[in-house]
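This is the structure I have questions about; it appears just below.
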Amino acid sequence: MNYSAILETIKNEIAPYARLGHQADYIPALARVNPDQFGICLQTLDGETCAIGDADVRFSIQSISKVFSLALALHFEGEGLWTRMGREPSGSAFNSLVQLEYEHGIPRNPLINAGALVTADVLLAHLDHPEEFFIDFLRTLSGNPSIGYNIEVAVSEHSCGYMNAAIANLLKHYGNIHGDLERVLHLYFMMCAVEMSCRDLAHAFLPFANHQQPFRYDGIALTTSQIKRMNAIMQTCGFYDEAGEFSYLVGLPGKSGVGGGIAAICPSRYAIAVWSPRLNAKGNSIMGMKALELFTTLTAESIF
Amino acid sequence: MNYSAILETIKNEIAPYARLGHQADYIPALARVNPDQFGICLQTLDGETCAIGDADVRFSIQSISKVFSLALALHFEGEGLWTRMGREPSGSAFNSLVQLEYEHGIPRNPLINAGALVTADVLLAHLDHPEEFFIDFLRTLSGNPSIGYNIEVAVSEHSCGYMNAAIANLLKHYGNIHGDLERVLHLYFMMCAVEMSCRDLAHAFLPFANHQQPFRYDGIALTTSQIKRMNAIMQTCGFYDEAGEFSYLVGLPGKSGVGGGIAAICPSRYAIAVWSPRLNAKGNSIMGMKALELFTTLTAESIF
Amino acid sequence: MNYSAILETIKNEIAPYARLGHQADYIPALARVNPDQFGICLQTLDGETCAIGDADVRFSIQSISKVFSLALALHFEGEGLWTRMGREPSGSAFNSLVQLEYEHGIPRNPLINAGALVTADVLLAHLDHPEEFFIDFLRTLSGNPSIGYNIEVAVSEHSCGYMNAAIANLLKHYGNIHGDLERVLHLYFMMCAVEMSCRDLAHAFLPFANHQQPFRYDGIALTTSQIKRMNAIMQTCGFYDEAGEFSYLVGLPGKSGVGGGIAAICPSRYAIAVWSPRLNAKGNSIMGMKALELFTTLTAESIF
Amino acid sequence: MNYSAILETIKNEIAPYARLGHQADYIPALARVNPDQFGICLQTLDGETCAIGDADVRFSIQSISKVFSLALALHFEGEGLWTRMGREPSGSAFNSLVQLEYEHGIPRNPLINAGALVTADVLLAHLDHPEEFFIDFLRTLSGNPSIGYNIEVAVSEHSCGYMNAAIANLLKHYGNIHGDLERVLHLYFMMCAVEMSCRDLAHAFLPFANHQQPFRYDGIALTTSQIKRMNAIMQTCGFYDEAGEFSYLVGLPGKSGVGGGIAAICPSRYAIAVWSPRLNAKGNSIMGMKALELFTTLTAESIF
């Protein structure tokens, strides 16, 4: 398939959406990003790589980091992880406290903020230097030793992240955070503040599409079955309360972040990452969603 | 792949689960079914059929009917259907009024009761004799002209179905049912009361796995894209508040019913139906879930 | 105290509010009421009666009827009534299904629709001709043998009352309605459709202010303690989700209806009824609320 | 009326309830209180004082402090206070985050934790040394210069008060806390940690029963109307989700705390305080509720 031509077609077709929506602006470091950027990078298991636009510009991966921290937590805890969180779609906004209170501190799934805070607590229990380990893991996965944290973003989010602090306190109230609250929040905000490009993300997601070769990076090992199950979670829970919409329109397991990035995979085929800062009301990149919808339509390659 | 051997293995491995759970007993006709039955039928796009156990015993398909009525509604209304319901997972129990009230009468998706009641209202608007049309459509899809309604089940459910009547009244209150309430409820309960065997269901679901050949039965036509999108909805919404669990453990688009049946498909590969009346707390067949989990594990054929 | 002068003052002071809000218009019979009417009637235990404006015009008492049906139900069931409903304020809109579902079919209190539907079911179990009995009881209480039902209102409300039908079905689902649903709804809508004037209502509420003389009308007997407890319920639950507001601004036990009427009592002192059809967003009469606020301020006679 | 004899009767009649329920034990300082204590103190506006049992033992007033902080906040902000909180009963548990999230950070009323946290924020904005001012105010109101904070209680509650921290962070998220979060929480926990006896509390509540004489203590002035309105709020909101129950059974404005204390007033008559540490499931003192129910029954003096 001529992926280059397809990416070019997509770029043209989504041009009318270029000015819709607004980027996240709750902290200065995100607010000052040029919103009119767009990049996309595809990497196939056959070794092909295809990129257009701002595919090498780094951006804040934000909630996409939840996929990587979940991989680590699954390695450390195995199926035992599910005593502390569910794997059902949340059916409501990504930071809703309501469900968490009704369900007595058990987050619905690991890809909402509450679940990722518990995941961060798990990493703290298993790693002496979780921040260092996490970025090393991402450097290995992405094949790019130069990626790193944006400390300004982490500090800004931590200082104004009252909703996440409320969630963390509620989890602690229900006994579902074992470590120190401030340490958990620090690690959580650091993981959100990693900066990667579309190229980095596509490379880092490719192992989740690969069922032939065991997942083993920096001592973190997952079975094929675990990889498939992570894909299942991305499919049902990866897009806040737009998971059904993404599944309907795109049909790939994936994860979005408020930085405007989306990473997705087609099992046994490819990984794809797209980035554009302008978001819809649900917090997902407008051009990113549209680009991926066109991609699976034009290639006729979705999981369905 | 030796599917026969795999089905035999499954039958043996799930034996320890045979007495767990209880069948639905809210109406006499369901309560008197022998709960210790188990059947499974696989049909591939290559033309292979494989069945074991009680695969030819007919049972009440209940909510599995929601997939067929959705197919009809999509044919009649196209994307306009989504002005009257969403396609997001519900994140709560299958008959919860709460979400419906908060969202002002717009059901979360077509596979929960509220959505299927709106779907029934759509069919009433397009068909003069919807009950007759529906059963003819299923006879065509299943290739079995002898299947039919169990009128006793429909009448019993209608006479004690206060929760569904509450939902229907709430939908009417919000203007999302246009036709006569009693007609809508009658059609809804009739569709739930269809009786089919695993063999019938596997045959009837096979077209949803087939992306090569246009879906066209009894004048009802769906595009490949529409079929894929129906699969996406089954994947995220097909198992009440256990959709994530089914996706995680099984990894196939499908739909369950409180009669104990589950039908699922693997795109471009096969359709599979399983039946066993004993249910877990979420209303899904215990042996059915377990059998499908083993099937995708042993065949390594899931969508992920 | 010169009550006449006070009522005149009130009438003048509330004039600026005369055009605010809109009358209920969900059925034709309410929509065609002249919205610019205002009446007030005070009756004291000393025998004084004071009325101004449209105090003798009859209007639809609507939810004010819930006080009278509660009196009957307490007579028939005594404290046993509280196994079927609570006596806590609802904290949400007057017809919310949410709370009812979370609390498994036990209405929060008898003055919201759900509670009044259960109350109607109680009356059906104790009375052969509840509609006749109820209107006779009100004629006795009000001392006016000419008051009656507005059948057009009852029929209209019944035919479009989908929310109340949803509530009634939900109650039935939880086993908290024992009788026939249609009979319960018919009685409920009939009781709401009684027409009385401010003078009638003030007279009918006076016994609830009188702790010296036993309550005994048409064979319905309540103890002083029961009367006081009914006042407590009116105080905390009488104004939908504006009970706290009414308590704060007026400080009297009372009950409002969407017909624009409000009846209230000052224990051991007086009963007062006010009517004006224009409602605020919470469904309470704007001029009625304001008039009563002024009345307790000017007389310095509230329960606090 | 022979109040002494009435209190003795009550003491005898509630004896069967002496071992029901459990004291609060979420912090050591509360857990080690002898649970089998009971005291009651009545003070009338005529100058009579009547006390029995452990009426002079000091206990943690906990949420009863919310009445005093509300008095201060009303003095400082007047009716403007209601832009930051409501005055409606909450209809759910005393620390529920759900309602707060649905209502975008506006607490339902000042007597639930969320409202009292906003009140603490108000005091911080108006007072340089709010902790000192508050205890001086209570010493003046109670006529007892020796009452004070139990620092151990304040520190313990602060260190394990994750639910309150969650609420405070949520309020901050919605912009309804202006000051420093830790300062707000410190003041809040300090106010809850005041220790007073029944005698102290009865004395301190008496001004809220007195409509003849202006409320003016330590420069804090409230009008008679404001006092009455505070009573209205206590009536509808003073007992978490048992406000209706207390109103029904007792019929007095009042406030309870998890330390086992309850203070209540009868306007123009008296103030009464009762204490017994064992609580019911809603967090209110079992013997305290029962004692007050008997008191208003035996004296026939309630507001209804």
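When the chains are written out, they are named A, B, C and D in that same order, and each has its own residue count from 1.
The rule is simple: a contact is a pair of C-beta atoms (placed from the backbone, for glycine too) under 8 Å apart; a residue touches a chain by one contact, two chains touch by 3 or more.
Everything numeric in this text was worked out from a predicted model, so none of it was measured.
Peer 1: Please state whether the interface between chain A and chain B is built from the same residues or different ones, using more than half shared residue numbers as the mark of same.
Peer 2: On the two sides of the chain B and chain A interface, the residue numbers are mostly the same, over half being shared.
Peer 1: Using mean CA coordinates as chain centres, what's the chain A-chain D distance in Å?
Peer 2: About 47 Å, centre to centre.
Peer 1: If you average the Cα atoms of chain A and of chain B to get two centres, how far apart are those centres in Å?
Peer 2: Distance between chain centres, rounded to whole Å: 32 Å.
Peer 1: So how far apart, in whole Å, are chain B and chain D when each is placed at the average of its C-alpha atoms?
Peer 2: 55
Peer 1: Going by the contact rule already set, what residues in chain C reach two or more other chains?
Peer 2: Residues of chain C touching two or more partner chains: there are none.
Peer 1: Dump the list of chain pairs that touch, please.
Peer 2: Touching chain pairs, listed by label, come out as A-B, A-D, B-C, C-D.
Peer 1: Per the contact definition, I'd like the list of chain C residues that touch chain B in the complex.
Peer 2: 96-98, 101-102, 162-163, 165-167, 169-170, 172-173, 181
Peer 1: Quick one: which bits of chain D touch chain C in the complex? Just the residue numbers, please.
Peer 2: Against chain C, the touching part of chain D is residues 86-92, 99, 108-109, 211, 224-225, 227-229, 231-233, 235-237, 241-245, 247-249, 251, 253, 267, 297, 300, 302-304.
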